[in-house]
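Sharing a structure here in C-alpha cells format.
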Amino acid sequence: MKFSRLLDKSPNLLITRADESIAAGLKARYPEAEYFALSGAIRIWRDRTMRGKGKLAVVCAGTSDIPVAEEAQVTAEVMGNEVDSIYDVGVAGIHRLMASRERLDAARVIVVAAGMEGALPSVVGGIVSAPVIAVPTSVGYGASFNGLAALLGMLNSCASNVTVVNIDNGFGAGYVASLINRL
Amino acid sequence: MKFSRLLDKSPNLLITRADESIAAGLKARYPEAEYFALSGAIRIWRDRTMRGKGKLAVVCAGTSDIPVAEEAQVTAEVMGNEVDSIYDVGVAGIHRLMASRERLDAARVIVVAAGMEGALPSVVGGIVSAPVIAVPTSVGYGASFNGLAALLGMLNSCASNVTVVNIDNGFGAGYVASLINRL
Amino acid sequence: MKFSRLLDKSPNLLITRADESIAAGLKARYPEAEYFALSGAIRIWRDRTMRGKGKLAVVCAGTSDIPVAEEAQVTAEVMGNEVDSIYDVGVAGIHRLMASRERLDAARVIVVAAGMEGALPSVVGGIVSAPVIAVPTSVGYGASFNGLAALLGMLNSCASNVTVVNIDNGFGAGYVASLINRL
Amino acid sequence: MKFSRLLDKSPNLLITRADESIAAGLKARYPEAEYFALSGAIRIWRDRTMRGKGKLAVVCAGTSDIPVAEEAQVTAEVMGNEVDSIYDVGVAGIHRLMASRERLDAARVIVVAAGMEGALPSVVGGIVSAPVIAVPTSVGYGASFNGLAALLGMLNSCASNVTVVNIDNGFGAGYVASLINRL
Amino acid sequence: MKFSRLLDKSPNLLITRADESIAAGLKARYPEAEYFALSGAIRIWRDRTMRGKGKLAVVCAGTSDIPVAEEAQVTAEVMGNEVDSIYDVGVAGIHRLMASRERLDAARVIVVAAGMEGALPSVVGGIVSAPVIAVPTSVGYGASFNGLAALLGMLNSCASNVTVVNIDNGFGAGYVASLINRL
Amino acid sequence: MKFSRLLDKSPNLLITRADESIAAGLKARYPEAEYFALSGAIRIWRDRTMRGKGKLAVVCAGTSDIPVAEEAQVTAEVMGNEVDSIYDVGVAGIHRLMASRERLDAARVIVVAAGMEGALPSVVGGIVSAPVIAVPTSVGYGASFNGLAALLGMLNSCASNVTVVNIDNGFGAGYVASLINRL
Amino acid sequence: MKFSRLLDKSPNLLITRADESIAAGLKARYPEAEYFALSGAIRIWRDRTMRGKGKLAVVCAGTSDIPVAEEAQVTAEVMGNEVDSIYDVGVAGIHRLMASRERLDAARVIVVAAGMEGALPSVVGGIVSAPVIAVPTSVGYGASFNGLAALLGMLNSCASNVTVVNIDNGFGAGYVASLINRL
Amino acid sequence: MKFSRLLDKSPNLLITRADESIAAGLKARYPEAEYFALSGAIRIWRDRTMRGKGKLAVVCAGTSDIPVAEEAQVTAEVMGNEVDSIYDVGVAGIHRLMASRERLDAARVIVVAAGMEGALPSVVGGIVSAPVIAVPTSVGYGASFNGLAALLGMLNSCASNVTVVNIDNGFGAGYVASLINRL
C-alpha cells in the first residue's frame, strides 16, 4: 500500500513510503533531499540541531527488517537525535546481539524492529533497563499473517520495559523514541 | 485468570492481581501493606524517594477502566513518581477531557487506559506532545472481544506519540512510564 | 474489487465504484452525467427536489477517507438532501472538530467516515444528539486489517447514538441517512 | 458479563442487565419500578409523554432473542415511543414474517434482533422502506462464535436500509430508533 | 486463484475454473466442448443419460453469484440431472423468491449459492422440506471477508435441512446434489 | 451452553441437550421416554415406522465424539431410519476404519463426527460414494479452538461428497441424513 | 478441560491431566503410582530400561510453564529417557539461559515450553544444533489469546531446527522427543 | 513473496524460492547448479556424502503440494540424506497411501506435506512409529485461508508422533528431518 506522512518541523521535511519518482521530482527542486531506497523515505535535513539528550539505538533482527528500521532511524535523525543502528542481530544468533551489549547499554531509548516471531524486543528488553519501542514488521510468510505473529509476540513480551507500535510503523517508533530522548 | 507480578526494588514491594486473602495474609506480617481492591494490587511503599523528573498522568475513559488505571498508578507511585490521575474522561463526553487540558499538558508522560472502542489515547495524543502509553482494557461486551477492539484501535492511532501495551496491562504501562519519567 | 450499485429512482441515476472508462461512455450518451473521481461515483441528477426535512452532515477523519465520504455525500444529494460536508477533522486534531460544532449541531443526521482507529464517530456522537451513521473505511495499514480495527471500534462506541454500516460502504450510510432525514 | 447503563432523563429511569436482587432493592424504594426478568432491565416510567412521531417496531427471530428485543422495547418505551413487538418471526418460517407485513409497514423505524445466521434484518429491510436497526444476538453455538456470525451477516446485508449495533446491544438499538422516531 | 478439477466419468468431461485459452485449445480438439465463461467451466457432455431421479434446483441470490451457481449447474447436468436454475432471488426481494415457490417445491434437492450475508439458504430451507446444499460465495466487500460472513451464516442456519460446502465450491455442491438425486 | 430443539412429528418427540432433571420430569409423565446421558437427548419413540429407504451409518473418530454421534443417531432413528453406528474409528488407526469398510459401503448416507483435526470425513468420503454429512465436534484443546480446526478441515475436504454442518450439530446431521435417506 | 491419554507400553502406564481424586484411586490399587500435581500426570514406572540413546533436555521459560514442561518430562522418562530439566530460563533474562549452555549442548533433542511471546525456542534453536520441539503454553493474558501468540511465534521461528506441537501439549512434545532420542 | 535461504555447508549450496533468472545467472557461473522449477530451489551439490543414518521419506497429498515437498526433498538430499519421495497419496484415496506402506515403514523420519484439510500427517502418523514432520501447504481456496485450515488440522493431529512447521516451509521440514536422520 502507498502511504505518506509528513513531518514538517520546518525547515526539515520527512516523507515516508514514497517511490523513486516522487523522490526524483523533489530532488529536482531541493538538491539537498535524500532518498532512502529501502524504506522509501525522503528527507530534507537542514536544521541538524541535536534535540535528543543522549543516544538512541535502532536495532533490527534480520536484513529484511532493515526498511522498517531505516524508517525509524531517518525519522529519529531528522528530529534531532544521534542514532546508533545495530542491524541483523536476530535471536537465532544470540551471540551477535550479545556482542552489541555495550552499544545497547549506551542508549537512552531503543527501537527494535523484528518480523517472523518478533522475539528480539523481549531479549533486548531483558538486557537493558531503557524503554524499548518494539516495531513488528510484516517480514515472514505463512503463519506470520503479515506481521500479526510478531505483533502478538511483542504485546506479550515478558520484559516490562517494552511498548509496541503498529506493524511496519518505523516512523511512529522513531517519533516516540525521539520524544522520549528529548526528555 | 490469576496473575502475579513482583517489583521488589527493595525495600518496596508490589504484587498485582492478588485477591483479598493474599492481601490479608501480607498485612498480618507487614502492617504498612496497602491493598487496592479494584485492581488487586498490594503495595509496601517504604522508600518514597521521587525518582521521576516530573509529573506522570494516568487517564482513563470510564469508571470500569479504573482497575487497570489504578494498577498503573500504584506501579508508577511505588517506582517513585508523582501521579496525577484523571479518571472518567471518555471521548463521548469530550468536554470533560478538554477541561483537564492543563493537567494533561503538565505531565511528562501519560498513561491512558480505555476499553470498548479505545479511542481516548488518540484524542489525548492529539492534545499533548508528551509520549502516551495506551493500555487497552477488556471492558466491553460483544464485538469488543475482551479488549481486542480497543487494542486494534490503539495500534492504529492516528496520533504519532502513542505506543501500546497488552490488554489490561496497567502494570506494564506504569512501569514504562516510570522509566521514561526518570530520564 | 469492482462494485456497482444502482439507485434508479427515475429520473435520477447513481452508479458507484465505476472507473473512468464507464464514466466516459455514460457521459457520451448523457452529457449531464457527473463523475466523481475519488469515489468512482457517476450521477445523473435531474430531479433535484429536496426530500430531506433538514440538513444532513457528512464528516470524515482524514483526507484518505474522502472517497468514502464522497460516496455518502453524492448518494444523499441525489436522494434529495442538502449535505454539509465537514472533512479532515480527525480526533488527533480535536480543535478542528470542535470548530465545526455549530455545523454538526445543525444536522438532523450525521454520517461519519473514518479509518485507522475509527474513533471519530464516538467523539461526534458525544457532541451531538442526532443519529450518527458510522462508516469504517479501509484506510490504514498493518493492524488495521483493511478496516476491521475501525469497524470494531465503531461497533463498541461508547456513544449511544451510533450505528454502523459495512467497511467502505459510503453508499449505504448515505442511503440510510437519507431515509432518516425524510422522516 | 455484568453490564449497567442508565438513562436518567428524569423523572424516568432505566437500568439494563441488572439481576433480581438489584431490582428488589430498587422496588423497595420505588414501588413503581418494573423489572423485566428476561433482559434484566429495570424501569421507572413516570413521564409517559409520547415523543416519537409514529410507531416503532421491535422484531426478533426466535424466542431466544427475546431478551435483547425486550431491552430494545423497554428502552424505546421509556424514551416515549409506542412500540409494536413482533417476536418469533425467524426467516426459516418466512410465512410468519409475511403475515406481519402490515404491522411492519406501519412502523417509522424498526429494530430487528436475531442470532445464529442473523438473516432477519435483510429480509425485513427488503420488505419495508423504513430504516432498520439490526442487533445481532449471541444466541447460537459452535460457529456462531457468540454472535460474530450474526454480526457479520448484518454488516453485509444486501438491503440498503440496514445499520448495525454491537452484539446483544438492545439498549443501543432502542436508543437510536427513538432518536430517529422523534425526527 | 487458478483451480482445476476433472470429472471424467467417461465419456463425459468437466474442467472447472479454466480460462478462455484452455477452452480454445480443448475446443480445437473436441468441437463439442462447451465453455461457460462466467464460471470458467469446460464441459464435454456426450453421455446425456439422466441418472438423477428427479429435478434438482440451483438457486442464487444475486447476479454476482451466478458464476458459482453456474459451476454447480454444469456439474449437476454432466452428472445426469435435470436442473432448474432460479437466479437473482436474494432475500432483500423476498417476493421474487416466493414467486418461485412451486419450482422450489418441485425439486428433490436444492443448491443455494449466496454471498454477502448468505441468508438465502435459511429462507429456502424454511420453505422446502428437501435437502439444501448451501454454497457461500466470495461476493461482497469489507466485512464479508471474502465469503467468511456468508459461510458462517450458512453454518448457523436456523433451518435444519441445510448443509454447507466451501466458499465458491459450486462444483462440490453440484456433485453432492447429484449423488443425492441419484438415490 | 444450554440448547434445546424439538422434533414433534407426533406421536414422536425429541429434545436435545437436556439435563437429567428435565429427563426425570418427562419420564415421570411419559414412562416410555428414553434419556441418552452422553448427548442429553430425550426421545419418545412411539411411531417406529421405517421411513428411510436404506441403512444410514453414523461414524465417529474417538470416544469423546460419541455424544455428538449419539445425537445424530437418536435423531435419525426417531425420524424412521435404521442406523449402523461405527464408533472410535479415527484416522490415526486407519486399520479399524478399513475393517468397517463393508458396513460403510452398505450405507446410503453417512454421518461422520470428528473433533481435533477433523480428518475422518475426508477418508470416509474417499472410501464410499454415498453422500457424507460431516459434523465437526468441539473435542480437542489449544489450537482446536473449540472445533474450529475440525470445521475448517471438513470444509476443505478433498473428497467431493462431503458437506458440513455446524460444530457439535449432531441433530442437524441426523436430520439431513434422514431427509436424504427418505428419497 | 479434562483430558486423558494413556501410554500403556506395559508394564508402564501414563495418564495425563488427571485430578487428585483419580490419582488417589489409582494409588490405592497401585502403591507405586506417582502423581505429579502441577501437570496432573499419573505414572506407573516399572520398566525403567533406558531406550533413548542420549540425554533429552526439557527447557521452560517461566515458572508458570512448568506444568507443561513437567508433562513432557514425565512422558519422556516413562518412555525410557534420561531427562535434564532446565526451568525458568526465559528470554528476558538471557544470562540464565546462557549459563545453561553446556547442558543444552549435551542434549540430543530438546523440548522447549514457553507461553506469552513464546520466544525461547528460537533462542535455544539458535544456540544448539539438535532438533528442538517447541510447545506453546496457554500462559499469559490479553493478547496472548490462550497461547495463540506463543504458537504463532514458534511457527515463525527464525531458527531452522524448530518444530511445533499444539498449545499445552507437553505429552506430544515428550513423546516425539523420545522417538527421536531412540534413533 | 520472494524468499531466500542459504545452506552453505560448503562446498554445497541451496537457495530456495528463487526465480528462473536467478537460476540462469547462477548456472552461468556454476554449470553444476540444478534448478527445481516447481519449488524454485537452486542446488549446488558437490559433496554428496551420506550423513543420514537411514532413509528419509517425503510424502505429499496432491500434485499441487509437490512444490513444497520438492523443497523438503532437495533440502534433505543436499544435507546428505537418501530420500524416498511418495507423492500424490492424499487421504481421499487411502488405498494409494496403503500401497506405499512398506516404503513408509522403511523410513527413519518422514516429512508429510498437505494442503486443504491437511489430514495426511495424521493418517501417516497412525501407520508408522517414526517421527513425522508435517508441513501445511497453502494449497486450497475459500475456507483454507491460505493454509490455515491445514495448519490447524496438523497441530490437532490425533497421532502423537507428529510435529508441525510453518505453512509452505518445505525447507524447514527437510532441515529438521535431516538433523533427526543424522542421530
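Should a chain be cited, it is by its letter among A, B, C, D, E, F, G and H, assigned in written order, with residues numbered from 1 in that chain.
Everything that follows uses one rule, which is that contacts are C-beta pairs under 8 Å (C-beta built on N, C-alpha and C of every residue); 3 or more make two chains touch, one makes a residue touch a chain.
What you see is a predicted model, and the numbers here were worked out from it, not measured in a lab.
Visitor: Compare the contact pairs of F-G with each of G-H, B-G or A-B and report the one sharing over half of them by residue number.
Guide: B-G
Visitor: Same or different: do the copies chain F and chain G touch each other through matching residue numbers, with over half of them shared?
Guide: different
Visitor: Between chain A and chain E, tell me the centre distance in angstrom, where each centre is the average of that chain's C-alpha atoms.
Guide: Once rounded, the distance between the two centres reads 51 Å.
Visitor: With centres defined as the mean C-alpha position, give me the chain D-chain F separation in Å.
Guide: Here chain D and chain F have centroids separated by 36 Å.
Visitor: Using the average of all C-alpha atoms in each chain as its centre, how far is it in Å between chain E and chain G?
Guide: So the centre of chain E lies 49 Å away from the centre of chain G.
Visitor: Going by the touch rule set out above, which residues of chain A reach two or more other chains?
Guide: In chain A, 142-144, 148, 151, 155-156, 166-167 touch at least two other chains.
Visitor: Any two chains that touch count here, so list every such pair.
Guide: Inter-chain contacts occur between A-B, A-C, A-G, A-H, B-C, B-D, B-G, C-D, C-E, D-E, D-F, E-F, E-H, F-G, F-H, G-H.
Visitor: List the residues on chain E that touch chain C in their complex, please.
Guide: By the definition above, chain E touches chain C via 141-144.
Visitor: Please output the residues of chain H touching chain F within their complex, sorted ascending.
Guide: 61-62, 90-94, 98, 116-119, 122-123, 125-127, 140, 142-145, 148-150, 152-159
Visitor: Mind pulling up the chain B residues that touch chain G in the complex?
Guide: 1, 3, 136, 138, 146-148, 151, 166-169
Visitor: Would you tell me which residues of chain H are touching chain G in their complex?
Guide: Of all residues in chain H, those touching chain G are 5, 53, 108-109, 129-131, 133, 151, 155-156, 160-167, 171-172, 175-176, 179-181, 183.
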